[in-house]
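Below: the structure, in structure tokens.
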Amino acid sequence: MMARDIIAGILCAVGTFFFILGTTGLLRLPDVFSRLHPSTKCDTLGGCSVLIGLMVHSGFSFDTLKLLLIVAFLLVSSATCGHAIGRSAFVKGIPIWKKGLEREE
Amino acid sequence: MGAYSHFPIFIIAIPMVMAVLMPAIGYKNEKYCPKAVVVALLSSTTLTGLLFFRVKPEGYLSYHMSSWEPPFGIEIRIDFLSLFILATICAISLLVAIFSQKYILKELEANKIPSFYCLFLLLTASMLGFVATGDIFNMFVFMEILALSSYALVAIAGNREAVRAAFKYLLMGAPSSIMVLLAITLLYSVTGTLNMADLSAKIADSGYREVLFASIVIFLIGFGVKAALFPLHMWLPDAHSIAPSPISAMLSGLVVEVGAYAILRILFSVFTTSSPTLSGTSEVLGIISAAGVLFGGILAITQKDFKMMIAYSTISHIGYILLGISVMNDKALTGSVFHIFDHGMAKACFFLCAGAFIYKKGYRRIEDLKGAARQMPWTSFAFSLAALSVIGIPPTAGFISKWYLIWGCIAGGYYLYAVIFLVGSVLAAVYCLRIIYYIFFLAPDEEKWSRKVDEAPLRILIPVWTLSLSTFVFGVISFLIIPSLQQAATFLIIR
Amino acid sequence: MKKFFSLLFIAALAILLLYVVSNMPGMGEEDVPTRQNVIPRYLENAEEETGTENVITGVILNYRGYDTMGEVTVIFTGLAAVIAIIGRERRGKNYAYTDLSEIASSVIVRIAIIFLAPLILLFSFYTILHGDVSPGGGFQGGAIIGASLIIFTTIFGLWESTSRIPQKLRFPLEGAALLSFFSVGAIGIIGGGNFLTYTLPRLTTSLQPAVRTWLTLLVEIGIGVGGAMVFISILFALLREEGGVVGY
Amino acid sequence: MDWVINLVLIALLIATAVSAILARDLLAAVIIFSCYSMIMALMWQRLQAPDLAFTEAAVGAGVTTVFFVITIFKTRRKEER
């Protein structure tokens, strides 16, 4: 019982940590492409960790299956969204940041 | 019994079903649309007329939706006053539908006609549902349909001004809907019920005075916008003058009145007259609507646009109705309800006359109407007959309602209000007689109006004449209606 | 001046509401008025009287079904308003449409949508059909169907969607919600009750629960399909554009 | 603990509402408004109204946002001063 709670807690903490990282990156990085980089990846990873933590916490039940489905959807949709945003930004010709250029606000 | 007991829902459901079917009916040929509308409204009107045999002035007809008894389910509750207004709505919208059959081809493209009639039927059905219902949340739901369809109908021409006017209407109307919802929430939070009859019983012994007070203030603001109560009327002139004429007739003749009717219901059915929360609010309502009478009348005199003038006159007359409600005795209430009826007819007739002029010539400015009577005598005569009712000259219906309103004011001790009614009538006389003077007595411009009679088609003239004649006829036979109305009003007040 | 008055009005309203809130019955307490009148009956008897495990669905569709009919009409009126003002989409060379998807050519997105859209649809059907047992129901499911069709349209373009769901099909389906209410209402009247009665008095007692379930289901499906079609028709009408494509 | 979460949600709700009104870029306002709907859905869930939360998430955050975005595409993005 205790071990399960501890594992779940650790996973959730890891997930939250990645969320914080992703958000910091979103705020601090200079252009669209580099901002996409932390936001999609960290959110996917953080979300998955939190959900897996919850799966561990809930034990083996119907809820676990639902959480598993959410993980699957998160993996697909988050990656696709990142791709779509990046691609459309590229197609639109939004400039890519290089060293020395001002940060766009 | 049998089918008779289901009439209340049929009255509302028939126009609604027809509205849903309207795109399909108009898919092959738009010509079928107006005929279907007329059939639906005719059947609603007939059923409403038949209900007069069932509803006694002191009683009411209750129809339980889904067979649940009232506080748990929704109740349709038709008493004599609401039946009277239901009949007004049915009759006027039927006439407007007949009018628009020919007219609307002039103002709208062919592919918009099915949606026009769909919205028209939804507007009518929602007004019927709004008036008939005995459940306060249900009232809100129907008010939303009413509001949405009237925004769309104002904007339906699709040009810049129309969309602008509709947007103004929307900006005023949406917050007012929210306010009504908020007020309903407040009432629900202190009573735990939504049925009006149940509410009034629960309010009587409720300890939450502050909440009740706030809810009635918010109700008055919310429905005040819908009824174009004086400081909240800003949307009305634009919306009513820019909409297509049949819609102006509906908005000015019915929709605004239905807002006033809602205030009546809130004050008399939900908060009963004996309720201490009401004491201050009705005085404030009286002062505001008295200001509205004068303001609307004065601005109507200064207008250059014909339809704009009629719209301002509506503000003035809404002031009459609400002033009569705020006096809170049976005479004034009878006058108010009868004024809803005769003002609805007269105002619809005004706008339809304006529509007939627009149909024939496209003129909207008052100056352009100089000498119109030479070419369109029938329309002009109909207009002047309705104008007599708006001014309140005996024996028209307008006189009867004003008579009762003034009587009620004097009986209640509000002598100032009686004076304001008289001043309002003088103002009405000024703005109506000005138009009549222009139409009949000024020589026409040769290139604008021919001297030969060239009238609008019969489908336009028949509704116009029916409306203007009935303002006269119902004035003459008012002794048949008024006693029952007064009984119903007394019943509503004493309860 | 105008700004001053509107601020004054809003401030007055805010003060009034704050004053009211301090005097309102407390939230969630035992003896508040909202817990005394209609709510106890709903909570205790809904399952038995309406045949739906989810009390919300019982209240929405059965006790206050007429209100829901009104809500459905509001949605339908919204569609009618949009169609009246901007018109339906039309096919033809002269009609362009606003293309939202410059990324439409991306294979990854297409594959992902092809994978996801059916699952979303499946979920929405589950939501509609399971409304009487679990949270959800016609409105929610309809909104989700609408959302999945919107995703499909943004990726594959307007013509692809309109050829899947042509106008002729949408005409009856847009009104499906209201029509299902009316048909259930008519069945209620024929069955000896009032409008929208689900438990028909004319039937034998043993048949009543089954008929009630089927009628509830009919209304749920009607609301779902009608809502979805209204959303998708509004989307198509919005995307339609006479003349060239206007971007920002 | 409950009241902390409620307080945070209400604060976020007010913050998003105000910033959606103040945003000059209409697209940004729409996105913020969609966030507002999502927070509202969370609040409904906390008030034990899952049906409502469901509707709010699907309609408020999903469908209406798309409609708003299309409308902005077809008109102008910046608010006129």
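For clarity, chains are labelled A, B, C and D in written order, and residue numbers in each chain start from 1.
The rule we apply is simple: a residue touches a chain if its C-beta (ideal position, glycine included) is under 8 Å from a C-beta of that chain, and two chains touch if they have at least 3 such contacts.
This is a predicted model, so every value here is computed, not measured.
Undergrad: Please state which pair of chains has more C-beta contact pairs than any other pair.
TA: Going pair by pair, the biggest contact count turns up for B-C.
Undergrad: CA centre of chain A versus CA centre of chain C: separation in Å?
TA: Those two chain centres are 32 Å apart.
Undergrad: Taking each chain's centre as the mean of its CA atoms, how far is chain A from chain B in angstrom?
TA: The computed centroid separation for chain A versus chain B comes out at 57 Å.
Undergrad: Using CA atom averages as chain centres, what separation in Å is found between chain C and chain D?
TA: Each chain's C-alpha centroid was found; their separation is 19 Å.
Undergrad: Specify the contact topology among the chains shown, as one of line, ring, star, complete or other.
TA: Contact pattern: a star, one hub chain touching all others, which never touch each other.
Undergrad: Kindly provide every pair of chains that touch.
TA: Per the contact definition above, the touching pairs are A-C, B-C, C-D.
Undergrad: Using the touch rule from the top, collect the residues of chain C that touch chain A in their complex.
TA: 102-103, 106, 108-109, 112-113, 115-116, 119
Undergrad: Would you mind writing out the residues of chain B in touch with chain C in their complex?
TA: 6, 9, 13, 16-17, 19-21, 23-24, 27, 63-68, 71-74, 111-112, 115-116, 118-119, 122, 125-126, 129, 135, 137-138, 141-142, 144-145, 148-149, 151-153, 155-156, 158, 163, 186, 188-194, 198, 202, 206, 208, 210-211, 214, 217-218
Undergrad: How about chain A: which of its residues touch chain C in the complex?
TA: Contacts found on chain A: 73, 76-77, 79-80, 83-84, 87-88, 91-92.
Undergrad: Along chain D, where are the residues that touch chain C in the complex?
TA: 50-51, 54-55, 58-59, 62-63, 66-67, 69-74, 76-77
Undergrad: Give the list of chain C residues in touch with chain D in this complex.
TA: Within the complex, chain C contacts chain D at residues 54, 56-57, 98, 100, 127, 135-137, 139-140, 143-144, 146-147, 150, 154, 231, 234-235, 238-239, 241, 246-248.
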